[in-house]
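The two complexes that follow have chain A in common; it is paired with chain B in the first and with chain C in the second.
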Partner chain A sequence: MAIQVSGITKRFNDFTALDSIDLEVRSGELLALLGPSGSGKTTLLRIMAGLESPDAGGLLLNGEEALGLKPRDRQVGFVFQHYALFRHMTVFENVAFGLKVRPRGQRLGSAQIRQRVTELLELVQLSPFAGRYPAQLSGGQRQRVALARALAIEPKVLLLDEPFGALDAKVRKELRRWLRKLHDDIHITSVFVTHDQEEALELADRVVVMNQGRIEQIGTPAEVYDHPASAFVYEFLGQVNRFDCTVEGGVAHVGGGALTIPTEGGVQGPAVAYVRPHDLGVTPATAGPGRISGIHVVGPDARIEIDLAGLALEAEMDRERLATLGIVAGDRCAVHIDRARVFAR
Partner chain B sequence: MVAAADSDGALAGKGGAVTVRAPVPLFRKPSVIPGFGLTLGFTLTYLSLIVLVPLAALIVRSSSLGWGGFWSAVTTPRVIAAFEVSFGLSFAAALTNAVFGFLVAWVLVRYDFPGKRLVDALVDLPFALPTAVAGIALSALYAPNGWLGKPLNELFGLKVAFTPVGIAIALTFIGLPFVVRTVQPILQDLPAEEEEAAASLGASRFQTFRSVILPAVLPALVTGFALSFARGVGEYGSVIFIAGNMPGLTEIVPLLIVIKLEQYDYAGAAAVGTAMLGVSFLMLLILNLLQQWMRSRHAR
Partner chain C sequence: MPADTSISAPASIPVPPAQSALTEPAWVRAALIGGALLFLALFLLLPLVAVFVEALRRGFDAYWTALIEPDAVAAIKLTLIVAAIAVPANLLFGVAASWCVAKFDFRGKNLLITLIDLPFSVSPVISGLIYVLLFGMNGLFGSYLRDMGVQIIFAVPGLVLATVFVTFPFVARELIPLMQEQGSDEEEAALVLGASGWQTFWRVTLPNIKWALLYGVLLCNARAMGEFGAVSVVSGHIRGETNTMPLHVEILYNEYNFVAAFAVASLLAMLALVTLVVKTALEWRFGDELAAARH
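The block that comes next holds the complex of A and B.
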């Protein structure tokens, strides 16, 4: 089922959480709402679920106006950041809840409910834990219960609010892969909110980058990473070197002529340049303009800090390449950058 | 026993250097929190002085009657009727408070309205007011010629003052804060997300209330009920003015005890007191067990 958001605006007192948002979620896709805290992404998700009502704008669920509908009538599955499991119910009862509260006419028989819940617990790999209470589960298990509970009502849309936010790094990664696989299997239209760019880029079909109640960019993970539409997106997605420069005739001059970089985008005059650390080349040169001020090895990668005429830059390469170059802290070096994205200052 | 636990602790401290382990009581688990002996000793001493010794004196006093004397003192029709009035009406009042106290707590937690803080403060008034003042006010209000007593009598033929209804009203008045103040913090801490989850799963407001909110609040509600009930059973001041104190009909146990004392029947008063103590203890024990059972279902 597709979701169409048009001109949604929401204010909390004098804080504008959402400023006229237009967005289309395509049927069957996994969409990420990515942004820093306070960017309005959770508010947008809660408006889709009917847990919050906007001040202005429209919302179509599968082509039908949905703003007047109560949450229970929207056929939306919502997964909360802190799980929001019912504490006094077992895992089984939690998952069965949505089926048991249906009006008498649409309710399944208790044997069918039992069967459906059993199937769902198998799907989330929690069958042995059916009789446990939420307090007896780990965070990852709780989140899977929350997911099974949301899926039990056969929602048309699955909305997830920071689904991995409260988990530790390893569990987060596992659960992320697992969710991707689950989505590939059942193809339910899903929207998830995250502030973790790695999570958004790895998991989503499309990423919506939000900032201060507006959408900065919508695109596939590759599009938003390789071709950021704004300075904000560049800074928010991944590590980046940011420095001031002057552009003349498509060439950026950095650090009083210490470095020249070909640019794209047709900006002239004072500008800000963005370069990813892995796009920054380093070669040892005894009379080079740069100086290696530090080297940090993190797992298979090496981060090299360079002081270029007072400008602090960071380069990234794998350890083998570092060994081949044979540079150590304190060496002089040359820096070359193949291309940089510049935005007018 | 208290002293033993204390000296064990001291021994363990000294014995550390020679690697001899002082025996630790079986029930005691190793813990980094110090002061177990001292605090337990203090707790037991304090409880003994404040609670157990007076209660023991009561029992000792009544034991001068012997079993037969005790039994005949507490099974006279007048005493039994007083017990029925005291416990029955306290129960009814506590039940009323459980329902309406919950409502008051709900409104105070869930909604914002002008004067909310004033209403919140009003709830505590029955705590602070001398109960005799409450009793006089209530009996003036509900007397056959009072502001409320007169119309109630004329319109519905309902007599409040000097009937069991009046006693129940007085007990409801003094028991209300107990329910509100125990339920309020629990309601406040109830995560909104659980209710939102229930709503998005298709539950109606009533279903959400019944299966999400009520189970979470129920242990606190039972505590409030128990406190209100216990307070009602022991209440004296506010009741005697409105009750009319007719033996066998509107006479409460505490009043009966006072009457016996005024007749210099100290042993009889102690016997009735002991019986009251026993029944109260039993009821509170049952309520506590009920609560424990409810908590165990949370598996916390």
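The block that comes next holds the complex of A and C.
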């Protein structure tokens, strides 16, 4: 594996940012550290880069103990959240920086540096902008300069801190695809930090979900989405209906018997159930226990708000299905849920 | 669109001419601008012109003679020496202080910022007096220094110390807000890219603060050369030895030697003018750079 984190702990005064984190990043994979702000994900990334030092634990980069190494000796590429481009240097000079500051013995000749920077600018599709200053670029372009600059030193590992955080939605989506493609082409071991679950699920090979300085779950995007390991992961990844229930013999009773759901997980007694909106079935029924309290159409999808014996639920379906059902706000309906994940209360 | 199209803008209400809500009537603007200009002319421009008029009252020869007179030359030299020591010292102190205030978090940071401002809030006379109390004959270290044969008060070291104290905030004050705003992201980026601490400072930090630094140095220099109160206390007013230009002007004036007094004063006035011009040029340049540098 490329990075091995073992028992990393970091405190800032009374606040525990990281609580004994163990994590392996495999060679060549694109890994997402996903979590809300304050979950410790950026701190973990900065520790990998050597910008922060942990209070305890170990870190191996390509099998070598790295905690004793300065950032400059770790051979990592780091893309900062706000890019941290050198504002007084042109795009070309920014990308060349890492090559020019090498000790005399290891430094490339200026012609070779020029060639390498030119190649990198082609890679990030910024050749025409070589002479511009960062202030003259758009957010997406700055982001790509930051990436080219990080790649210039031929890092073994690429670390990205909220790489798309400062971009607007459309650019973010384009850049995300572009980065995924870039990673497929150059296969550099990469770790990126994000608080955006959609970004993590779309981009990463594996996702590490973090909360309050701990890892909640590690898995492929499908694993963490379909089989969340904890209530936190359920709530953090995607939309979810959360309601109290009582489980008896593997069956959850909701809203005083208005609904019964088969459960998984072997919990007994008072529990919290989680159901994704698209796993919630709605059928019109004149004497049904539920009432449609609102319908919101967003693009191709429809969100249906249901009042089930005082419990507010949300279902999601495409517009065609909604039209077939022919339900409108105020109708009575029946609700059925094939399966729910429950966690003991 | 509503089907009812009969609603139209009422035609009877006169539309006021397009102007910002903050624009005042013309006569208010004229009065304010005129008042400000008149005030400036009366209190700043007139005295400045008077300096040159008085200096040249007996013709250019008399003016020139007053400037090349040995005591005047000594005062000019001394002023240049004091500034040549005080300004670089404060350049270093200023950069170091702003660096640690802007880039590190530590206990007592606010105290440090307050202390940096102290010379601004203390009367210059007090600034001079501090050194007399410390290093003077009857001062804290007075007897020790006398035994060692070192003279600080009534000598060049005292003048330099007092000047350094008074001009301390200029560089730091310019740099701290700028460096705080810039943060340390770029430095971190440089370190990760393989730069050493020195490389980071010379290639990243310094270029980012150079205009503010120059601006601070300029102000610092103007004050170092023009300082009167603090140096007056520690100087001892020995003609040709411990008199800086401002002190020399005072002595000449007290001797009713108006032409010579104003001649030396005109040099200081010219220094002020040059400083102003360079400062304006820098502000123009530096404001531009700052605006472009904002991400």
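Everything below uses one rule, namely that the second predicted complex is superposed on the first by the 344 of 345 C-alpha atoms of A that agree within 3 Å, B and C clash if a C-alpha of one lies under 4 Å from a C-alpha of the other, contacts with A are read in each partner's own complex, and residues count from 1 in each chain.
Everything that follows uses one rule, which is that a residue touches a chain if its C-beta (ideal position, glycine included) is under 8 Å from a C-beta of that chain, and two chains touch if they have at least 3 such contacts.
Everything quoted here is computed from the prediction, not taken from an experiment.
Asker: Once both complexes are superposed via chain A, do chain B and chain C end up clashing or fitting?
Answerer: clash
Asker: In the superposed arrangement, which partner chain does A:R102 touch: chain B (first), chain C (second), both, or neither?
Answerer: both
Asker: What is the contact status of A:R72 with respect to chain B (first) and chain C (second): first, second, both, or neither?
Answerer: After superposing on A, A:R72 lies in contact with both chain B and chain C.
Asker: Please work out whether A:R345 is in contact with chain B alone, chain C alone, both, or neither, and reply first, second, both or neither.
Answerer: A:R345 sits against neither chain B nor chain C.
Asker: Answer with first, second, both or neither: which of chain B and chain C does A:F80 touch in the superposed model?
Answerer: It touches chain B and chain C both.
Asker: Regarding the shared-chain residue A:R177, is it in contact with chain B (first), chain C (second), both, or neither?
Answerer: Neither chain B nor chain C is touched by A:R177.
Asker: With the touch criterion stated at the top, can you tell me which chain A residues are shared between the chain B interface and the chain C interface?
Answerer: Common interface on chain A, chain B vs chain C: 49-51, 70-72, 74, 76-78, 80, 82, 84-88, 97-98, 101-102, 133, 135-136, 149-150, 152-153.
Asker: Help me check something: in the complex, which residues belonging to chain B touch chain A?
Answerer: 191, 193-194, 196-204, 207, 211-212, 215-216, 297-300
Asker: Considering the complex alone, what residue numbers of chain A touch chain C?
Answerer: It comes out as residues 49-51, 70-72, 74, 76-78, 80, 82-88, 97-98, 101-102, 133-136, 142, 149-150, 152-153.
Asker: Would you pull the chain A residues touching chain B in the complex into a rising list?
Answerer: 49-51, 70-72, 74, 76-78, 80, 82, 84-89, 97-98, 101-102, 132-133, 135-136, 149-150, 152-153
Asker: Taking the complex as given, what residues does chain C use to touch chain A?
Answerer: 185-186, 188-196, 199, 203-204, 207-208, 292-295
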